[in-house]
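Each of the next two complexes has chain A plus one other chain: chain B in the first, chain C in the second.
The block that comes next holds the complex of A and B.
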């Protein structure tokens, strides 16, 4: 305790000088804005008008009766569940692949993790050009080589959603690989040796040893991927901007559009608060459902 | 926080022997994975060396017919990209200095003193980190507006710093915890102040952790998109991501610049990644040990 420390010459309250700057900056620019945002959602603040006043839950009523909500909510659910499912499963498969002690695996690891460091806006613009609707898009050239008709990918609602999911997964899988590879390498080898002595099949090893041992890491990964995808704006904004129509408009994109295109700050804050609450519920729910046995 | 064991390669003698079919499948999958990752990147990189006539020609080529640097010289001389990149460098550099400065000092405090509510404060920091900047975007706008910091680099730097400090604390605290306290105590007995101990003894021993925390901060500050798009989007202060989005993404006539601009904007992070890789793995590893 503090008293014991001071006996060693470390003065008792000196820690305050060390930790206070960090605590102040984090409280001031993360916790305070979050609370301030909830307050804004209870007002009628609009970026085009100087004054605002308290309006209670009006914005929430507007949000839940918003005609576009069913489509945006559906898009968000499709987007988030597909991205998370793909990210976790591909991450696990690639981590298992990279966990084999074969020649070249360090190079392969570097390549596999590479998309993680590419700025999101560049990934959005890059996929936009790969799937460019004109003849200039390389994917059109590739499918033409196999005898298919060229197409305008991003003007088709379901194809743009698929491309948006693919590009977010392309960038997100490396994080799963990093996490799960770390998890895989902490599994005790004796478990595998015992299993092979008992004649367990590969599937049984995966099902009864690898996945249960990875459970805590998978859980962390699940939470990070879900909240990361739910809050993700960069790639959708750069890739499709929510279009065609509202076909790829997800909740986080509505937040940006309402706040900074429509300038309805209070409505944007309402959406933000809803997203914050969903984040919270998901995290708590995951922790309960997939409670990790200690 | 978890790449722990990547560093601990198993001894060679223990390596399992794989049979040929399994090896074949493994390398086939390696090839497929490399293709999926590298093909889009290679397309952009190679595109940056094509002359505009070839970029707009059909059928599309993958390998440039003749290599040219004209896109690079054009992007540097005729567009505002150098300004955007310079702005990005400034914002990233100051974010790095402040995040690492404030974060490591705090991590040292958390590592070396026992005080009431210490664990609670650490957990609260971790939870606050989970609040995404997307959700705070409107309040950030209002706050910077009242502080007169809209369209300034300072505004971005403060917000980025607040976003990065919590994980710097977590990584660095993990690292400091592995250094014995007797080091500090010996130095204090010799008459060093705690700040002096921290600066001249502890920090130099913590370079791997510092590199990992620094790389992650660098990566997020360099790539940040939504925050600068909303908070600092005028041409003079715009950072790389905003510049690329506003002035290339929506302008099809600048299509041939986009490749070279993307390459120039991504090169710094890729180079940093190649250098930081080893430090990154071992630094994150010690953070995981808690």
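The block that comes next holds the complex of A and C.
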């Protein structure tokens, strides 16, 4: 019986042999922890107790009947949609500007990437200092120079959410810039030349050439930004800790609090599983809506 | 005759026992002579990698002197994460069977670690006379079924800090002692463009620790003897409502800004440095950091307990870290204890405590120069000398209680809920969890 062979002469078994290390790594370091996390969510594992047992969907019932869920879910939607929208649009705008630069593009690109290399928790602390309600807070020092009253920025629910969004966007935009700048540089010049000959406006060039050509990159960026923001805990934790009250508590922070403050590992795993499912649903939705023709 | 035989028998047994002990001791000594490599897990703060250079140097010196004194024991330290992540790492290691020989453990984790069956009792190695040098609460808090499982090595105090120079500007030679004096002090501070006080009120355990000191001072109890939460019943409820009411009153009277609702202890400090607040709630463990941030504070920093209504006195809370031993092999356990014993010697422990600005848990350390010559440290000593110190209850529901208490605070401060509603909300959150956990 003839074995199926590809154009480069490798049989299916040989393919499997070569990709097996990668499969094992993915199974061992991604699939197994995710599945184990789902299993924990079906138990009552709590670090303050020595034993645990299977409890079925109890933790999910607890989660969906949690009185604070409407507020935390609303916060999460506002936080994720704002961050993703701003990160992508600002990333695209700055990438377009950098793409136009003839001189200093590398330097500007290096400067633009700087926020990305700063650890997220440091950014949280930086923004906390920036918006501290004390006279020593940097923003208060600046506005006082212009004769304005100092403000307690982070004690106002709307302002603290806006500051949290701004700080996460500030860190995330460089990734969008790098991805989209890379994508812009792969778009063929002939397309722009043809559009120019046909008298297309800047807006028409952006809408009919640039954005459609960038679609695969935008899709990757969208998926990364959404899952990254949904899972993000460092900046909210360092900046507001979810406060005032629960005004800036997002699902990832609830997960952290349950796992590391209350020590309820099963409930934390339940929230993690819910976040995983939301991520999967959004990723599939993005892939369907923004399907890229082959 | 029979008596003589019995005596001979007893003498023989005694000789046999003595020979066995001698052989055992020789075996330990022989093994030590061959060399033991001990693994110690500790958060960076308690190792030569500590962030504060004075602390790092003190630990490096301690380790070096221990190695010089015990050349057959090699101490290898590995870093534990900060916070409760470390407890999770230890519990995972306990399950996997790869715990270190000894570790630096938050005093609050000991009950949970005893349940793993891996933490070794220290009684045999640590004589009662030596333990008597410690504050009794620090030994009681880590004693389970008559056995001591850890050795506490420092303490801290949470309360209010002030600058005597600022107090003097406001016309005070000493801080207010009761609630009425405190309110009057708040008016003066307000007139001078300052807040009277800032306490952390974000949704973390730190907020609850400050509240707990007042709650205990007002006669409240968190849990009953069985570990069941009772903070919402009778006199306990009245005490907790009063604590929330005091916080709310401070904001309503302009003595404390609403900003505190998102702040922990470190976020509040800039307000104290800039003189925007006349006093600030902190931990004594932050004093070294405060001196580093604002050197002028040295010699111009005082401490006072929360002024409470009705002459009540706030209770200091026992907090801090301990050494625990996991090694069950007699030789390794002996080597691990040799290290712990070395650390606990007052002349060594005093240096570590002083370098970090920690408060002594061994009472004689208060007499060492660093503590004896520092007026602020003497103020702390006077607070602990009242004997009112209490340890946090070692019950699994405790983190849920502190989480529930702290989560209500922002709403109380904003005036959105009453203190009674805050207690009800905290009760509902805690009892739902308690009932669920009780049915495990």
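Here is the rule we go by: the second predicted complex is superposed on the first by the 262 of 294 C-alpha atoms of A that agree within 3 Å, B and C clash if a C-alpha of one lies under 4 Å from a C-alpha of the other, contacts with A are read in each partner's own complex, and residues count from 1 in each chain.
Just so it is clear, a residue touches a chain if its C-beta (ideal position, glycine included) is under 8 Å from a C-beta of that chain, and two chains touch if they have at least 3 such contacts.
Note that the structure is predicted; figures quoted are calculated from it, not measured.
**Q** I want to verify the contact counts: of chain B and chain C, which reaches more residues of chain A?
**A** B
**Q** Touch check for A:127: first (chain B), second (chain C), both, or neither?
**A** Touch partner of A:127: chain B, not chain C.
**Q** Per the contact definition in the header, classify A:46: touching chain B only (first), chain C only (second), both, or neither.
**A** In the superposition, A:46 contacts chain C only.
**Q** Once the shared chain is lined up, is A:260 touching chain B (first), chain C (second), both, or neither of them?
**A** Both chain B and chain C are touched by A:260.
**Q** Regarding the shared-chain residue A:288, is it in contact with chain B (first), chain C (second), both, or neither?
**A** neither
**Q** Just chain B (first), just chain C (second), both, or neither: which does A:178 touch?
**A** first
**Q** In the overlay, answer first, second, both or neither for which of chain B and chain C A:137 touches.
**A** After superposing on A, A:137 lies in contact with both chain B and chain C.
**Q** Would you tell me the residues on chain A in contact with chain B in one complex that are also in contact with chain C in the other?
**A** 47, 128, 135-137, 260, 265
**Q** Touching residues of chain A toward chain C in the complex: what are they?
**A** 44, 46-51, 53, 62, 128, 132-137, 152, 154-155, 160, 240-247, 257, 260-263, 265
**Q** Which bits of chain A are touching chain B when the two form their complex?
**A** My answer: residues 1-2, 4-5, 8-11, 14-19, 21-23, 25-34, 36-37, 40, 45, 47, 94, 97, 100-102, 104, 108-112, 114-115, 117-122, 124-130, 135-138, 140-141, 144, 170, 178-179, 181-186, 217, 220, 227, 231-234, 237-238, 252, 255-256, 259-260, 265, 268-269, 272-273, 275-276, 279, 283.
**Q** Within the complex, which stretch of chain B touches chain A?
**A** 2-6, 8, 10, 15-16, 18, 23, 26-27, 29-30, 33-34, 36-38, 40-41, 43-44, 55-56, 58-60, 62, 102-103, 105-106, 108-110, 112-115, 121, 125, 128-132, 134-143, 158-159, 161-163, 165-166, 169, 184-185, 188-189, 194, 219, 222-223, 225-226, 229-230, 240-241, 244-245, 248-249, 255, 258, 262, 265-266, 269-270, 272-274, 277, 288
**Q** Which part of chain C faces chain A closely enough to touch in the complex?
**A** These residues of chain C touch chain A: 83-85, 87-88, 91, 112, 115-116, 202-205, 257-262, 264, 267, 270-271, 273-274, 276, 396-397, 399-400, 403, 407, 410-411, 414, 436-437, 440.
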